[in-house]
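What follows are several structures.
Both complexes shown next keep chain A, but they swap its partner, so chain B is in the first and chain C is in the second.
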Partner chain A sequence: MEEQPNTPFFNLGILDSLTQDSVNQIIESYNGFCNTTQSLLSGAGDLSVGADFVSHIHGLCKFGLESLVRDHFFYVLEETFERNGASRLWRHFDPYSYVAASNKNDDLDIDEAEIQSVLYTALEEISSEKQYQEKCLLMLVHAFQSYKDQVSGERHDLGERNYLTSKYQWIVSSVLMATLPRNFPVILHWYFKRRLEELSTIMDGEFQDDTSQNKDGMDLDEKGNVGKCNKASAMDVDESYNDNKFLENNRIVKSIGKVVLGLRNLGFTSMAEDAYASAIFLLLKAKVYSVADDDFRSSVLQSIQSWIQAVPLQFLHALLVYLGDTVSYKSTSSGIKSPLASQPSSSCPGIDTPSEGLVRWKLRLEYFAYETLQDLRIDKLFEIIVDYPESSPAIEDLKLCLEYTGQHSKLVESFISALRYRLLTAGASTNDILHQYVSTIKALRTIDPAGVFLEAVGEPIRDYLRGRRDTIKCIVTMLTDGTGGNSSASGNPGDSLLEELNRDEEIQEDAGVDDDFNTDDRQAWINATRWQPDPVEADPYKGSRNQRKVDILGMIVGIIGSKDQLVHEYRTMLAEKLLNKLDYDIDSEIRTLELLKIHFGESSLQKCEIMLNDLIGSKRINTNVKATISQSSQTSGENAISMDTISATIMSSNFWPPIQDEPLNLPEPVDQLLCDYAKRFSEIKTPRKLQWKKSLGTVKLELQFEDRVMQFTVAPVHASIIMQFQDQISWTSKNLAAAIGIPVDVLIRRINFWISKGIIAESPGADPCDHVYTILENLAETSKNGGSSGNTQELLGGDEEEERSVASVEDQLRKEMNVYEKFILGMLTNFGSMALDRIHNTLKMFCITDPTYDKSLQQLQSFLSGLVSEEKLELRDGMYILKR
Partner chain B sequence: MKWGEKVLTCDFQLMVLVWAPHFLPIHFQLNHKMFILFVKYRWHAVSSWTWDAQDETCGICRMAFDGCCPDCKLPGDDCPLIWGQCNHAFHLHCILKWVNSQTSQAHCPMCRREWQFKG
Partner chain C sequence: MAAINVQSVEAAQDNKTAPPKNVDSQSVLRRLQSELMALMMSGDPGVSAFPEEDNIFCWKGTIAGSKDTVFEGTEYKLSLSFPNDYPFKPPKVRFETTCFHPNVDMQGNICLDILQDKWSSAYDVRTILLSIQSLLGEPNISSPLNPQAAQLWSNQEEYRKMVENYKCPNA
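Then we have the complex of A and B:
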């Protein structure tokens, strides 16, 4: 008896009560039931066996075999559905089986209408099949109920029915899921995508009409657009065009809705949602890319946001309405509102009360848009920062995005790798790196005022710059030179830093107020309420927010290590600049110095101030000296006039950097004038006297030849050389060197300047090591000699490094370090080999008396490498040893 | 002060006529031509001042004379030197401090002679 285990309560007593008769009856009804079920379900729409079906069920129910009936019915139902419904459904999509292999994002080469009709028919077929089966199911339910009615007169039990239908649903979807071919989701996805694109082009049109902003970048789908435009041009009246668009809209939404509904029926709710959600996201991504691409000069966030509201949200709204999901949550919608939409009620134009689902969608879409934009911007952050002041809208966008998404660490990582790859390479000039660094600081200050990420990003740049030798020089140039003296292709970074100095002045004043201990309680309270915790990414070891105030100058100085080094370099550069001045115009220098004083403190810049004071004093003394000379020496009128051609800078040499003075014989008249000048000075300023640095200074020359006049601005050496040729047309190099009082090799180097100008010609003399220099008479000869001639030549004679009048910082350092050379050599003789650290520490330990060893490790290293190149030392595996 | 104008007004020019046949290359001699080069110049020289004292540093503060005393910021006129009758020089501020700190008649810190400012 196969049915026995299926009895509801395993009440074996029932078996005893069964008579042969009743067993026969059961078997008969069961067979009848099986047959009718079979014919009912497989027979297409033939409900004629219904009456038999019901009576058989009644027969079985009489013996308490409802569960048997139910299980068998569902078994057959499932089998039939699998055979008839599912396999037939999927067969529709067999032609597209190649699709499964292709990429999801590829554009499939399928006709849209075709796929739509296929989808429709497939879904229709399956739903009719399903409906029919549901009808059968209902018959079963009715049969049960009518039996119950007969027996006990019980009322309809809806629970039974619900249970059965839901079980049926479950069967349907599980069967479909189990047999789902791989290409179906792809097709579905593609279908939604195409539909949405179509829709968005229409909506875009509206959107453009509405907002009339950001015209370009709207044509997402060129093909679709063209089609629409053609259609649109056919419309004469705008009204009808709009109506048409609206209808079109509706049509598309409906067709999508239909598919979604059909899928939902089959239990594919999540799959359908996935499909259209991913389609929307793809669309959004494309939109963001097209709007935001490579244009950093305008903010795109606003337009993207309004686009989201205009296109995808409208679509979703229509879809949700169509699907009948819209439940107005007037009260809750305000609870979940987008942090960006200031007024949620007006955030969805045309939708009065956004449903909860819609608000969720909006949040999802916005987050996605922000994330996409943020990724896009982070990828391009390097370029954005390169043209920073112009690209600040992009930075603002990025800031908003990051506030929303909170993915700052992504920014830091990606930017650092970009820096490493593109900026911190041997090919980049120090100036450019510094410029980029300053821009980075400024840009990141906008994004993150606390400077936490800046800390992380700046670290590699700082480390790199520390390894460059000209860093300090570049920084000082940037700081002091408003015109960006070093010609660099990327704008004039000098401006930015000088500006920064200015701006910093204000900050300092503010800070002064802040630091004041006398601030009243109210102010303290206000400060306290304004306190915000550090961002989570903050490194707790790097001090708290207040100490980390973003200060460009501070960060720049941080590269150098100490402000003393910077001031030192500045002093050297300032001296160079002042010594090369022809007049006493130092207004810009005074301004810069004042600004620097504010930042670095007055005491550290004391010497620089004295230097500037010397210039001012020199100007005064100059006029004074000249006035007294012209007064006193009325007799020698010629002398007085000559004095006008002389001016002098008088320095307080103790406060200037070491000056490189070379001996030089000045031309007789000039020497005389300088003597007079010095005499006059000591008369005015007894008991002080002047010591001329003859090789220093600047001379403006005007050379008058027979047929031309040339002007030059040169160093005294050059002037002395050329003036010797007034007395004598031709000189041998030895004689000329003796006359000027410089070594022959120096003369040969210096005179090259005049040779290159085509004013002096060089010819071999009688003695092979003695050259003959001749002044060239006229222009014809000049051009013959290939010299370049110009009427006005503004050239400071010295362009080579060694012609600097002020000893460079390296030279000074070297001089200072020379004291330690014998210490080091002695040390190495004793110990054999030593590492840099150890030498440094030993020097620190033992050189405490005059001169105290106060150099940094880097300075020591550069000095040692100098010794290595002089072949006094040898560096092997990081150890210094004596070279023998 | 524009240099161009200045130079035009003061015609100090060193005009040098050179006639030295034995130095000249051959073609000069053949032409028997005078060669003339005028050089106008405006010379900006650089010098440093120093106190005309025998010593380098002030005996009181041990700072360089050409520098300034510890209380001063600017050297030169703002922090002058002063000589005593004994010909010892000090920073004015230093010796004044010294003189004022002495209860009785002050002496030169170097030679212990009575301190008198040199006229």
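Then we have the complex of A and C:
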């Protein structure tokens, strides 16, 4: 017996010593073992062969064939399990094989109770089968055990047994996995989803109750928590009601737990967890979607969080308790800090100390909720920003989500593509784009005070706006007031920008920093091109990045490129506005100018200041002139017009933008009046002289007809025209033009105003190109002649009234281009032929004083093609040459 | 009529700054720059000049023969090269196209007093070009660089033929 080895490794040594007898004995034992094993495993609970089974094992063990016994037993066990257990288990689900093809998210058309009972029976069956087999396995273990007791008398530890059971467990799960039909996970998933939905509607109702209770001002912290999970505690509210609910909840949780346990038993731990986790996530997603919806006016994060607390976490808690996982009541959660930990309601209701598993779940769920909400909001960011500032709660939500998830780059990418698709198109008006840009800046300033990704998002907008011609005009309009030229803008961006000016002023007063945004902007630009999202941990209120303050005005000016251009445009618009003023009330302009001065510096706005001072000076001079002139001229007052009706705006022409002046003969009495005024002015302000710009200004006039009186506010040219009809009721266009001193085509354009008002009628004259204009004295004639077309024409006439008294920026540009034309002609005269880029470079090189050449190659090209079409140049093989 | 509001303009004086007289290269550059601008904006018919691509000290000029002279209908290319102490020294001016003229040699050198001893810093590119243009029509026969041309000058018809020969040598 001493040489009988315990381990199979020495078996070879004893082969020789085997006698025929012993071989026979082995064979006999083995056959017996095989038979008993077979009958034991396949037999339905027949343990009568147990004694034989044990003795055969002992017989085999005697020859050191333990491993043979073990292997064969497991082989048979596996085969039996596959035949009896697995295939039978899956057969239960055969009727549902069609679901394998369907989508996970589809609602399956299966009765819930039916599937539950199928699951139950299937799981019960397999677990009883398994229990039986485990019993058999234990017999084997005991056989080994008793043999060893006999042989050596020593006690063995439980290692052998544990090894065998775990091996059995492993066999079970691998067999099941190998034979797993495709529909099973789907069914499982569907089952959990249904159960959870059921549960959530119940819990939701409770959650609603809680909220309403909360609104009633009751002590929720105590009661809500208690009411849900701890029925032993005293409750103020309807106890039985909550009890019923609790029981109902418990029933569902138990039924789920039973399934989960059954699955775990089979080694499907992860599959079960996957199934209920994905069900929970689906539920959460649906919840987030339904709560978030398209309403940006309220914050939803809080309610989602409380829902997570109330429904899925409750369920998980119950489930974990049921499964017996919630064993650690010690403070395991201290290491993992929930982002909600600071909130009083965050401690899991009804649980003194949340278990680590639960805290993990909570973090997972919250992250998922944040991410879902964030994705939802990012998708709709464009709409949210359109609605800004009404949508600021949604922005706040998004900010919190992003702080948690750190997926800022997702926002930037998605938003930029939305911008490109929806905003930066030819159909969008520049005003709208600017408005959206300002809203974007403001909204993103909330999310990211450091303005890190504002740069990235703003870049495509800026690029696009640079390509638009009316950008500067719109910006200046927005800066000065919202109602100036283009009033089509939705909302009132003008106010917002003025408000920005104010805000900026405050900042500057506080900080006392003179920000040179030109260099600032350049730096920001460089940074924007190599933008990287801030790390999540980075505190946006610290570090170097908050040096870059978000300066809306600076960003807007950044679109234009230089403040000079902006100031230039502003000056033009200011001139226009001042010239159209009837009184000298310039308070709002002064205010705007002062704000602009703070931002752009005194020197660049000096001319504008002089313009405003001119207005102030005009008021004074005007009063002065009128006061001193009244005695002298009133004596000769054979005409009815008194000096009081006139008020002059006196401009220092050097500081105003170029004025468009058309020659115009004013009616004699008015002209006389202006002469007197100018004379008096030069007396007062020698050596200065007054030169009237007769075509500019505004005339208020009243027309008296036979049957009516009409009042108009018109340009001087219109007044002059209608004045001519005072003495003579009918004019030919040529004579009228001569009398007023304007070209005929201009006259025809201008007189349309009166025709559209139904005051003058046009009829063809003797000469086909010489029209006859007649004044219509009474309404009857008007309706007969021009009334019908009056309304439509008024629209046209109205448009024409948008005449500008100040040379527009485009006109000034044309003047600049005229200089370039001379240069281009000069260089082509001397060099013969030149290519586009050489012309460009040469202009850059030599055209550096007043006006400096600052055009792009594209601008030059279009200018040159203009010269080609004017037949000044010729383009041949890409070379420009002079046309002779 | 109720009220009239018309604008007026106050006259103001605009005094021009005198050209700088320093010799440093910045002021030379500025001077040439302003001369270029003046030349471009003046629009004198028949004379033109422009700096070469990258060097403002080297200009190419173009002169058209004045009307009612034998040079009518011709066009001459010039090169102007400015010294570093311009305008205290005159620029070197040469004809690039051969010019059959008593005061221009076959290498294109010009004999013109204002380009030598009579130079004054008051002259500029424009006046130089105009002087050369008028020199074409009124040569100084007494000190010729091209004696053949000087001799032929009296016979304007023959001279015209020579000029046209030079203009298109193949004809």
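As a working rule, the second predicted complex is superposed on the first by the 716 of 884 C-alpha atoms of A that agree within 3 Å, B and C clash if a C-alpha of one lies under 4 Å from a C-alpha of the other, contacts with A are read in each partner's own complex, and residues count from 1 in each chain.
One rule holds in what follows: a contact is a pair of C-beta atoms (placed from the backbone, for glycine too) under 8 Å apart; a residue touches a chain by one contact, two chains touch by 3 or more.
These numbers were taken from a predicted model, which means no experiment stands behind them.
Visitor: What is the contact status of A:Ile646 with respect to chain B (first) and chain C (second): first, second, both, or neither?
Guide: both
Visitor: After the superposition on A, what does A:Met845 contact: first (chain B), second (chain C), both or neither?
Guide: Second partner only, chain C.
Visitor: Just checking: does A:Glu702 make contact with chain B only, chain C only, both, or neither of them? Give me first, second, both or neither.
Guide: both
Visitor: Let me test your reading of the model: by the given contact rule, A:Val819 touches which partner, first (chain B), second (chain C), both or neither?
Guide: Second partner only, chain C.
Visitor: Quick one: classify A:Pro716 as touching chain B (first), chain C (second), both or neither.
Guide: A:Pro716 contacts both chain B and chain C.
Visitor: Based on the superposed arrangement, let me know which partner A:Thr829 touches: chain B (first), chain C (second), both, or neither?
Guide: second
Visitor: With the two complexes superposed on chain A, say which partner A:Leu381 touches: chain B (first), chain C (second), both, or neither.
Guide: Neither partner.
Visitor: Of the two partner chains, chain B (first) and chain C (second), which one does A:Val670 touch, if any: first, second, both, or neither?
Guide: A:Val670 sits against chain B and chain C alike.
Visitor: Quick one: chain B or chain C, who's touching more of chain A?
Guide: Of the two chains, more chain A residues are contacted by B.
Visitor: Shared contact residues on chain A for chain B and chain C?
Guide: Shared contact residues on chain A: 579, 582, 641, 645-654, 659, 670, 673-674, 678, 681, 688-694, 696-702, 716, 719, 723.
Visitor: If you look only at chain A, which of its residues touch chain C in the complex?
Guide: 579, 582, 641, 645-654, 659, 670, 673-674, 678, 681, 688-694, 696-702, 711, 716, 719, 723, 819, 822-823, 826-827, 829-831, 838, 841-842, 845-846, 848-850
Visitor: Over in the complex, which chain B residues touch chain A? Could you list them?
Guide: On the chain B side, the touching residues are 1, 3, 6-7, 10-12, 14, 16, 18, 20, 23-25, 28, 35-53, 64, 66-67, 73-77, 81, 83.
Visitor: List the residues on chain C that touch chain A in their complex, please.
Guide: 1-12, 14, 33-34, 36-37, 39-41, 43, 48-51, 53-54, 56, 59-62, 77
Visitor: Mind listing the chain A positions that touch chain B in their complex?
Guide: Result: residues 579, 581-583, 606, 609-610, 613, 617, 638, 641-642, 644-656, 659, 669-670, 673-674, 677-678, 681-682, 685-694, 696-706, 716, 719, 722-723, 725-730, 774-775, 777, 805 of chain A touch chain B.
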